[in-house]
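This is the structure, below, for whatever I ask next.
The first chain written gets the first letter, and so on, giving A, B and C; residue counts start at 1 in each chain.
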Amino acid sequence: MDINVKQVRKNAFRVTKTRGITASRIRIPGGHLDADLLPVIQRIAQEYGDGSIHLTVRQGVEIPGIRYEDMPQVNQLLQPLIDRMGINQEEPGTGYSSAGTRNISACIGNRVCPYGCYDTTAFAQRIEKAIFPHDLHFKIALTGCPNDCAKVRLHDFGIIGMTLPQYEKDRCVDCRACVKACAKKSVDALRTVNYKVERNHEKCIGCGECVINCPTRAWTRSQEQYYRLVLFGRTGKRNPRLAVDFIKWVDEESILKIIKNTYAYVQAHIDPNAPGGKEHIGYIVDRTGVQEYLKWALQDVNLPDCAEVSSPLYWSGLHY
Amino acid sequence: MGYRLSTDAMNQVLAELGKQYAIYAPKCYPGGNTFSEVDCIRYGEVHTVEEIETERKSDYSFKELLLPFSETLFFFTENTIQEASVIEKDMVIFLRSCDLHAVRRLDEIYLRNGLPDFYYQRLREKVQFVLIGCPAAFDSCFCVDMGTNRSDNYDAAFELRGGQVYMAARHPQWEALLRQYGEPVEGFAPSYVTETPTRVSIPADLSPAVAKSTVWDEYDKRCIGCGRCNYACPTCTCFTMQDIYYTDNAKAGERRRVAASCMVDGFTDVAGGGSYRKKHGERMRFKVLHKVYDFKQRNGYQMCVGCGRCDDVCPEYISFSAILNKLEEAMQEVRGDGQQ
Amino acid sequence: MTVSNEYLSHWAEIREVIPHTAIEYTFRMAYQGAVQPGQFFQVSIPKYGEAPISVSGIGEGTIDLTIRRVGRVTNEVFERYAGERLFLRGPYGIGFDVELYRGREVVIVAGGTGVSPVRPVIEHFYWHPELGRKVSLIAGFKSREDILFAEDFTRWQEQMDVILTVDNNNGDPDLRQGLVTEYIPALAIADPARAAAIVVGPPAMMRFSIQALLRRGIAEENIWVSYERKMCCGIGKCGHCKIDDVYVCLDGPVFNYTRAKDLAD
């Protein structure tokens, strides 16, 4: 059996522990898919795989038990999934054009969750459109609110939804539901002064508890959706760590631009001898220094006026 | 006489009216509700017919125009008191039949129960009401059972039918405007619903004895005492006074009143530290009996107008209409004929 | 039609300040106009806001308002003295109609600050003994330090049967010990069927006192109570004082027991 495993991997198939057998890795940006696509997955699993599927930790689907020689037929069958999820592709019928940049995962977001501050799936799909296909090993995750159910702080780019609470004091009846909710469930950023509420903007994390708990619509959400962008968290062997705050109250445009800029930065600085062409961005930043990274990342980015950029950036975590 | 107008023509009528009146109607506030990207329908000033929300029920009622959530009554210094000023323009309020019935309840309390209320009265005198025809009930409405589905005491009536505006006015100046911009139509009368998906029946012998029933107990736990049901209700009108001392001049300040809720902690607190109706079930009983029993004892007609907003707004899915339908069983329980 | 603005208060001069306890003072205010015992005023207390205060005394051109210091914020008013002023509006509500008690035995049971609203009734009979038959007063406080109108009690004792009790008298011979209800059974009432009773105080105290009075043969329709509620407007608007279909500010605060007994909070 003569197989170019580099091409296999790039095509989003896995080299498995069983000789002759591969697995197909299906991208589902934002983890949301139309139910009528399930039969496509089912058919691949039953006709070419071992009849089972695995739900991956990144919200993709992996179909195990496929013979390497069946990859072309499987790629043909994958086409409706690729089309319907709007995955960029070099040539139709050839499956995924790369696998380095991992599936973009997201919590269920505001399509369903009352706490969600934005449509996580839709934003995930827009990021996917902007960056895929790409061979660089980037992990991106989105979460609807500061609860961070999607655990985005374990990713290179973690996007946390925020709303900038708007207060109409003439609708406030001093029931203090917001003050209590913020103190008990969030960061205690609200105070009552003269029977009206004052929000400590520095403390506020934009979770929207005040809006959710307000019975009169004195608190509402900002028309603009904002995010907290956190950087370079990772799991793994040498130095697992949580992502750190980069920009609070950042907008979607800026996030897209920063991610794209980071691709350019990594391409310029990655260790050419990195095993498998994989070097975690964080280690590259450790090498070049944060300043060099920021120079690249913020190039041509027009942050909203309210954006707050953290400085200095400092990661800790475990060192083995 | 009714008139048919294109929406453009109606907008001209509104522009003409706008010279004298501030025009308020249910309006969509995009993304303005509790949860992200959910619209809120509530009252706001409108200038065009397109801004008037006729498809969806308003989450909050018109009452905030007459009884603002927060209203300054007067300003004071150590020696003087100065009444807060009132908006200069007259007001036009577009509302549905249930809400027009609610106006009568507000008047009952604010003009007749005890001395009349100066602040309410001075706004009330400025208002003309335009009835929005109601061709179909929403899921939670029960106006027919409360007898509020029809109204005749409007100043004008308004309805959108097939993209055209139908209006009728009692006010001679408005009538002239409609004649100028629209064409007469015979027999226009605003639609009203005759059936609602939600039905309620209130026992004829309902009495305060129902307080002893166990129906209230489940609300001790289910209700979180947030007050949304009261703030959304077009007939809830309680308030609390607040004295504010300016931070830059502690000798001067203002007295305000803000909407209050009998479901929220603190409503019954007395000076010595005591309070009444500590349990949420007791508060529920107090609210329910006020809406469908004791207001009627005092004034001869039910307070609740069956708009169903309290059902729609409750985060705990407590249905007011469902409670009304439990009252018969509750009365059986306290009458003791449940066991027979 | 413009209606008058009932929410605007009027300045009233403080004529005298009479301290009772560390936190309760009586303010004797200049006031012209008819006031009934048991009625209340809405009093603006600087830094605190408006509070319903029942009239604790009615004099020639004056009324007494007994005010409890509420937290630190009201210190200011307690530091005001003669010549200073307070904003008032009122009087509101239906009080005690002393005519109803003319020529009858009257039993008054009061707990704590409940003494304030009945004080004008007691004073009425103190100054006009010919109008009453006999007044018996049972008043209870937590401790000696909490007693309001201490000097008045001494004075009243000259003419009335006065029982002044505290939770624990620590051997003080001037004071009785225990709850007011304990003294009702032994009270000398010559003609219970015609006697009138007034009960004012905390809810539990009122409930038990009324039961004890009924057991003594006093008729329900001869018992009056006064309710303390968080009156905010005083004019039937704000809803804070409502119990069932009754507005305490309009229909009370004084109620005949036949009406009060069915009210459920």
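Rule of thumb we're sticking to: contacts are C-beta pairs under 8 Å (C-beta built on N, C-alpha and C of every residue); 3 or more make two chains touch, one makes a residue touch a chain.
Source: prediction; values computed, not measured.
The chain with its Cα centre farthest from the Cα centre of chain A is C. Of all the chains shown, the one with its CA centroid nearest the global CA centroid is B.
Between chain B and chain C, the centres computed from C-alpha atoms are 38 Å apart. Separation between the centroids of chain A and chain C, computed from CA atoms only, is 68 Å. Distance between chain A and chain B, defined via averaged C-alpha coordinates, is recorded as 44 Å. With touch defined as above, residues shared between interfaces to two or more other chains in chain B number as follows: 240, 242, 245, 260. Chain contacts: chain A has no residue touching two or more partner chains.
The touching residues of chain A, counted against chain B in their complex, run 110, 114, 116-119, 161, 163, 169-175, 177, 193-195, 208, 211-218, 220-221, 223, 225. Residues 1-9, 11, 44, 47-51, 68, 70, 87, 112-113, 202-203, 228-230, 232-233, 235-240, 242-245, 247, 249-250, 262, 264-265 of chain C are the ones touching chain B in the complex. Chain B makes touch with chain A in their complex at residues 29-37, 40, 42, 59-60, 64, 68-70, 226-228, 231, 240, 242, 244-245, 247, 256, 258-261, 264.
Those residues of chain B whose C-beta lies close enough to touch chain C in the complex are 73-74, 76, 79, 81, 83, 109-110, 113-119, 121-122, 125, 208, 211, 237-243, 245, 255, 257, 260, 262, 267-272, 274, 276-277, 282, 286, 289-290, 293-295, 297-298.
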